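What follows is chain A paired twice: with chain B in the first complex and chain C in the second.
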Partner chain A sequence: MPLLTFFGSLIFRGNVIRGGAFAICNISLSLILSFILFMQVWNGPAIHEQFSWFTIGSWELQVGVLLNNLSVLMLLLVSGIALLVNIYSTKYMQGDPYIRRYWAYLGLFCFSMLGLVIVDNLLLIYMFWELVGFSSYLLIGFWFTRSTAVRANKKAFIMNRLGDLGFLIGIMILFSQFQTLDVTRLFGADGLVKAAVVSGGSWIGSAGSMPAEWLTTAGIVFFLAAVAKSAQFPLHTWLPDAMEGPTSVSSLIHAATMVAAGVFLIARVYPLFDDTVLLVIASIGAFTAFMAATIALTQNDIKRILAYSTISQLGFMMLAMGVGASGSALFHLVTHAFFKCLLFLAAGAIIHEMAHLKEKSGKDFDPQDIRNMGGLRKHMPVTFITMAIGSLALVALPLTSGYLSKDAILIQSFEWAEGSAGWHRLIPVSAMITSWLTAFYISRLIFKVFFGEFRLSALTGGHVHEAHAAMRYVLVILSVFCLFPVFSFHPLLFEDAWILQGFPQIDSMTRVNAFHTVVPAAVNLISIALICLCYRWYAATAKAPDYSRSVLFKFSQDQWHIDRFYSSVLVSGTTRFAGLLYWIDRHIVDGLVNTAGALGRRLAAGSRWIDRYVVDGLVNFSGYLAGVVGNFVRHFQTGRLQHYLVTMLIIILTLFIFKYYTAAI
Partner chain B sequence: MSLLSILIFLPLLAGLLILIIPASARNSYKYVALAAVCIQVLISAYIYLNFNGDVYSGVDTEAKFQLVERVPWINLNLGAMGKLQIDYFLGIDGLSMPFLVLTSIVMLVALIASWEIKVNLKGYFALFLLLDTAVLGVFSALDFFLFYIFYELMLLPLYFLIGMWGGIRREYAAIKFFLYTLFGSVFMLLVIIGLYFSVTDPVTGNHTFNMLSMMDPKNYVDGSIFSALANAEFFGISARLIGFIVLFIAFAIKVPIVPLHTWLPDAHVEAPTPVSIILAGILLKIGGYGILRACVSIFPDAAVQSAWWLGLIGVISILYGALNALAQKDLKRMIAYSSVSHMGFVLLGIASVTAEGISGAMMQMISHGFLSSMLFFLVGVIYSRVHDRSIPNFRGLALIMPRYTAFIMIAFFASLGLPGFSAFIAEAFSLIGAFNSSSINGLLPRWMAVCGSIGIFLSACYFLWTLQRMFFGETRLMGGDKWKALLTDVNPRELTVLCILTSFALVLGIMPSLAFDKMNASVLELIRLVNLK
Partner chain C sequence: MIPLSHFMLISGLLFCIGLYAVLSKRNAIMILIGIEFMLNAAILNLVAFGKYDKQVMGGQMFALFAIVLAAATVAVSLAIILNVYTYHKNIDPTTIDQLRD
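Take a look at the complex of A and B:
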């Protein structure tokens, strides 16, 4: 059965041919299959099937499919949202010249995302992890003629690669320690990670041991992978830029599913984390949530606001993971997937209409800027209502799904802080402040977009109307999933939620009853107060105090200067360093080689000189000498008999005299 | 006459045939060459299918080699110095067999790329086939003397191929390449002779060039310079270590390692496209193969001793090559430096002496063989159209050459290690092996693997940056509309080549067992040999 799903999702790749209908058929099929699997597996025995993939040396790599509560939940979530987004896209992307590529990329994404959640081996998870990043790269850069889009997808891929690096190092550590990458054998109830002990400063696994620092390192590097994928500080800057992709893609990948993969990974490898790493996770999560919320306060691009809101909510999930409330984190993941997907799709509907308006009127304005909108609730009532429901869920007001999951996180983090040292309390407190900020920025968005007067009516004169039916229905369905009955029959008590009951409860924390009433009350009362304030500022009187000159405002609007820091310091630093190395390569390394060559040539020239003037000189000199002698002797060869006779006479006389006198001596 | 000999000398015969065919039929040259290379591909496919990796694990036992052919070749009675014994000794095991297949396929690709060659066809194809013979000979020779002959034989055709059909600075590049390689191999000859005088054939008692005999410590003459027991020293360094280092440098120049790499960018950039393909696709692998076959197998003790340095050189090559690639403005030079970076993984994997590391290194060589061929071929496509390959001169090629861009994306992403392609498995396991080494044999510290993995990150940077600069955005070309007309999308001939290479990279990425199953036993055998010391 799981294999069937696997192949079912493999078919997606072929969907280039028939476009939308084929893609929708496939994804519905896989939704149905996921649903059947979900029914089978949820709270029942996990399904685990394996086959041998390849053998390297004497080590056999077994891979297969693992379906437990976590994976079937993700399976259902991914295929469900993917189906809705697919339906939405048929209208949203209509008329795009490259629509076939769009379906193909989307299919590839669904394939890799579904693969990611069901495989049982870290190496395979890594493979799908990268494939997810790759398909996201393709989809962000779908409009590849826009230079901003291309730069954004490069940035997204490279930042994700940094996380992949962490993942790979984590795999290396675990493989070296346990000689297996099987998730169940590593992280199962009686898995190897749990069996491994730290003693005497070294971490002893089943196949080897290494200094205890590597245990922490392993946790940190896996967290790094999650940080990149789930856009946490300091690797969050790719996500807002990724909004260059089509909005349907942003909604599916960059809000509901892919970015949640980081949280999913953390849940998979959870037993690996020691206390240090958990604290790091909680702090980073809380900080990211806070930072992103403050940035979202001042942005004007509707998608950017939602992107920062996503980062902020992912921060909440990380925070929950860090404080040990992994069940709540996953619960929030699910509820967030629905309401954020809804918000994005609704924003997409608005952008779609605004873009049409722009085309029709021929005027130049930014269809994503909320300052250009206003009063849209009269023209797009369905969009307004659904988006309002989504926002309420985001703010976590009672009766919505967000209330259940976010309160679970907040309460549990307070409980966690209660049992820890003093400054740990900063974490739940900052989380609470963040949820107030959330209430502010999302109501600012809603009121600016839907209330007041349409700000461009003078410029364009055109009318905005409701989105197409396919898009509208999707919004309605999603908004149903933002309400409490889907998750829990008790609208106020998160512990009744069925998803939470599917995951191991944490019993280390004592239940502090006071928190269960005080925290939600505090959050909600102040949130409502802030919403009212927003209404007065942005909708009713439309006279918001102007803070845009203050330092904090600028700090927030420039996204804490993080992006600027990266591009001016890190990126140009690396390229400059690369340039320097190339210079060294050309002039020093290669220079040495060329110098050696030149030296060789000099040497050759020198020896040529010596050869010519010394060695050959000697030869020539001897030849010359022979010539001179010959010339001299030639004079005797006159050919006249008389001369010869005289010469002979002289020689004989000389010899005679010589002989005579020698004898005398 | 065994299959191996046929495989090796078939191209040579075809080359001679080309020399005989009169110049009036010059159009037939390429078809003769194509026929020879196609037969060669078929033979190597047959060898691959019939190769039993588990039985023929090879490395140091003659009986474990497949297709062994051993004929006495030169036997001279030297009187007091004994008998000179050189055998014509061929055979394959799991370490060499994959390279025979790789060579045949890359040669086929290079030959199809040679359709662009327009001048002096007779010389070109004859030299091309001579080179083919030499390369196949290197991969199957088991007698060191024979190995050396084939090894040197490669230089001659390459020198002319670069020097006569190359780019603007071709003569400089050719001489640089030739001298660099010769520098290494001349010293290698000294070591070979030293080994010859140290080793005797256990059967005949003569001194021998047999590489397998050199791997067994029992065959060393007492008191000879390379005998492990004699512990001869030069300048206070053991002779075996020096022998190892000299052989290593000879092969490392081919790999190439930093800082002996500077011949590579020049040679690759100046060489014509098919020769770049051969250089990157096969010749670099001869370096890696030589390190495994000769350095590590004959001097295992010295290999263990210097593993740390080998690993360090590997890591430096990975990072240095990647950063240099990041700084390039010439597409071909960028790819040349990326080769340096990718071959660093090979060295790192070999240095780990773990099953994962060496298998990863082998896989990396095979995978890089396909992928670098593909990359150079792709550069050749664009260069043959507009005779320019400078990255800033192009922009938005995706709009006018969509299929070409698709292949560039495949090649780039496969090279940067996207899962599903062979390079991912190769790099991941080289690194896993390197990391694991400190737990298994304590040869490499763990930080080396960690630093090496940064190379994977950097490769994403330079490939994606290039992609963004050259292919995406609105079309803007340096040569304006003239270029736009010239830059046509890939033609069917190019499409064939690209599809072949893509499918190999993809198949090996999805089913790495196709390669691993054939070489596992040999890799384990090699590790056993090293651990035996």
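Take a look at the complex of A and C:
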């Protein structure tokens, strides 16, 4: 059964070039199969099928599929969102000359993502991980004629390579420790990782032992892989640049599914992490969430705001992983996938219309800049309503899905901090501040785009209108998924959510009742206050206080100078290092080679000289001698008979004279 | 009885005249005549020494043979000279130096 989905995706990849309809058919099939699987597996026994792939020495690699709660949930999520995005793309990408390539890439991506979530072997996960990165590279650079897109996909690829390196190191550590890469045997309920104990400074597993530091290292490198894929600090900079791809792609890959792969990986290898690593994960997650939210405050590109928002939400998931609330993290992953996909697709609809307007009017403006929009509420009501629902879910107001998951994370992080001391308390506090910032930036986006007057009406004179029906319906479906009943019948209490019940709860944390009321109340009240402030600033009066000269604003506008830092320190450092190496290469290595070469030349010159003057000299000399003799003899060769006769006479006379004077010749 | 030394003297004289003619004349015919001189000097010697061989007369016989041979040689030589003349319009051996190369 799972193999069917697998092959369905494979065939789907092969024939997808025929067009969108086929793509949609296949992904729908995948969705249906995933749903059937989901029904079978959810909260039931996991399905685990294996076969032998290859044997090295006495070690046999078993590969197969593993379907447990986590896999089927991801399977359903990925195929569901992929289906919606496929439907959306039929209209969004209409008329693109490379549309066939688009379907093929999208198919490849879906295949690798589905593969990633169902395989049971770290090596195979690594392969699909690479495939996901590669197809994302292709899709970001889909409009390859733009130099920014090409730069962005290169950047994404390189950043992801860093993470892949971490993944590979992690696999090697685990393999040398346990001699297997099977996920179930490693991380299962009575798996090898759990059986291994740290005692006396060494990490003792079933197959051997190594210093305890390696356990931490393995956790850190797996986290590094997740950091790169899920765009966490410090490797997050590729995600905003990846917005150069088509918006539907951004929504599928860079908001809903691919970036979730990092979180998924963390969930898969969760038993591996020790306390140090978990603390690192939580800190990085909280920091990333906070940083990305502050950056999102000042951006003007609609997709960039959403990208930073994605980074921020992924930070939340990491934070939840770090504090031990892996169930909440996955819950947030699912809800976030829906509402962020919705936001992106709605933004895509707006950009689509703005781009049409730009084409029609022939004026030059940036169709993604929110400063150019405004008042779109009247022209695009469906988009407005759905996007508003998505935003409310993002802000985590009650009655939305985001409320359930985000509050779960916040409350659990507070509970976690309660049990520990010192600066650990900063983490939930920063998460709370982040969710307020989220409220601010997303309402700024909404108000700037949909309220007030259309800022370009004077310039273009044109009217924007509602997006195509296919796009509209997708938005509506997604917005339904942003509401609470899909996930939990109790609108305010996250613990009722069925997804959370599918994952093991962490019972080490004491349930602190106070948090369950205070935290959501605080978050929501201040969020609503901020939204009202936003409304006053951006919608009602359209006169926001101007902070654009302040240091903090610039700091945020420039995305915390991280890109600049990378380009000035890392890139130019690398370039300089490369220059140094070049110099060494040039002057030392090449110098050696050149010296050897010069020496060879000298030797050659010496032997040439010998050849020339001694060997050739002998030959030439004999030739020369022959020439001289010849020339000399030639004088006798006058051709005149009488001279010959004289010569003969002289010779004969000489002989006679000799004969006469010497005794015996 | 003329002594043998006179014959030898005449013969040497003839040979020297012939040699001179061969080496110095600018006419192929004259050179041919010089050669004849030298040949006859040799034949004279043969005949002169032939006096000491009364039984078989080897000297005279050889002289006769040489004369016949000389006649043949002269015929051939004259033919060559004629051919050279028709080719070069000239029989001066100093100008005909095609043997050189």
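Annotations for the structure displayed:
Simple rule for what comes next: the second predicted complex is superposed on the first by the 595 of 665 C-alpha atoms of A that agree within 3 Å, B and C clash if a C-alpha of one lies under 4 Å from a C-alpha of the other, contacts with A are read in each partner's own complex, and residues count from 1 in each chain.
Going forward, contacts are C-beta pairs under 8 Å (C-beta built on N, C-alpha and C of every residue); 3 or more make two chains touch, one makes a residue touch a chain.
Values in this document were obtained by computation on a predicted structure and should not be read as measured data.
Once the two complexes are overlaid on the shared chain, A:157 sits against chain B while remaining clear of chain C. Once chain A of one complex is fitted onto chain A of the other, the partner contacts of A:572 are absent, as it touches neither chain B nor chain C. In the superposed model, A:595 makes contact with neither chain B nor chain C. Contacts of A:276 after superposition: neither chain B nor chain C is touched.
Look at A:131: by the touch rule set out above, it reaches chain B but stays clear of chain C.
Touch criterion met: A:649 reaches chain C, while chain B stays clear of it. In the superposition on chain A, contact is made by A:175 with chain B only, not with chain C.
Of the two partner chains placed by superposition, only chain C is touched by A:639; chain B is not. In the superposition on chain A, A:123 makes contact with chain B only, while chain C stays out of contact range. Chain A has more of its residues touched by B than by the other of chain B and chain C.
Counting contacts as defined above, no chain A residue meets chain B in one complex and chain C in the other. By the touch criterion given at the top, residues 176, 179-180, 258-259, 261-263, 320, 323-324, 326-328, 354-356, 359-360, 396, 398-399, 413, 418-420, 424, 428-429, 431-432, 435-436, 438-440, 446, 449-450, 453-454, 456-457, 460-461, 464-465, 467-468, 471-474, 511-513, 516-517, 520, 523-524, 527 of chain B touch chain A in their complex.
Those residues of chain A that touch chain C in the shared complex are 637-642, 644-646, 649. Interface residues of chain C, counted against chain A in their complex, comprise 19, 22-24, 31, 93-94, 96-101. Across the complex, chain B is touched by residues 53-59, 123, 126-128, 130-131, 134, 141, 144-147, 150-151, 154, 157-158, 161-162, 164-165, 168-169, 171-173, 175-177, 207-210, 214, 574-575, 577-579, 581-582, 585, 589-590, 593, 597 of chain A.
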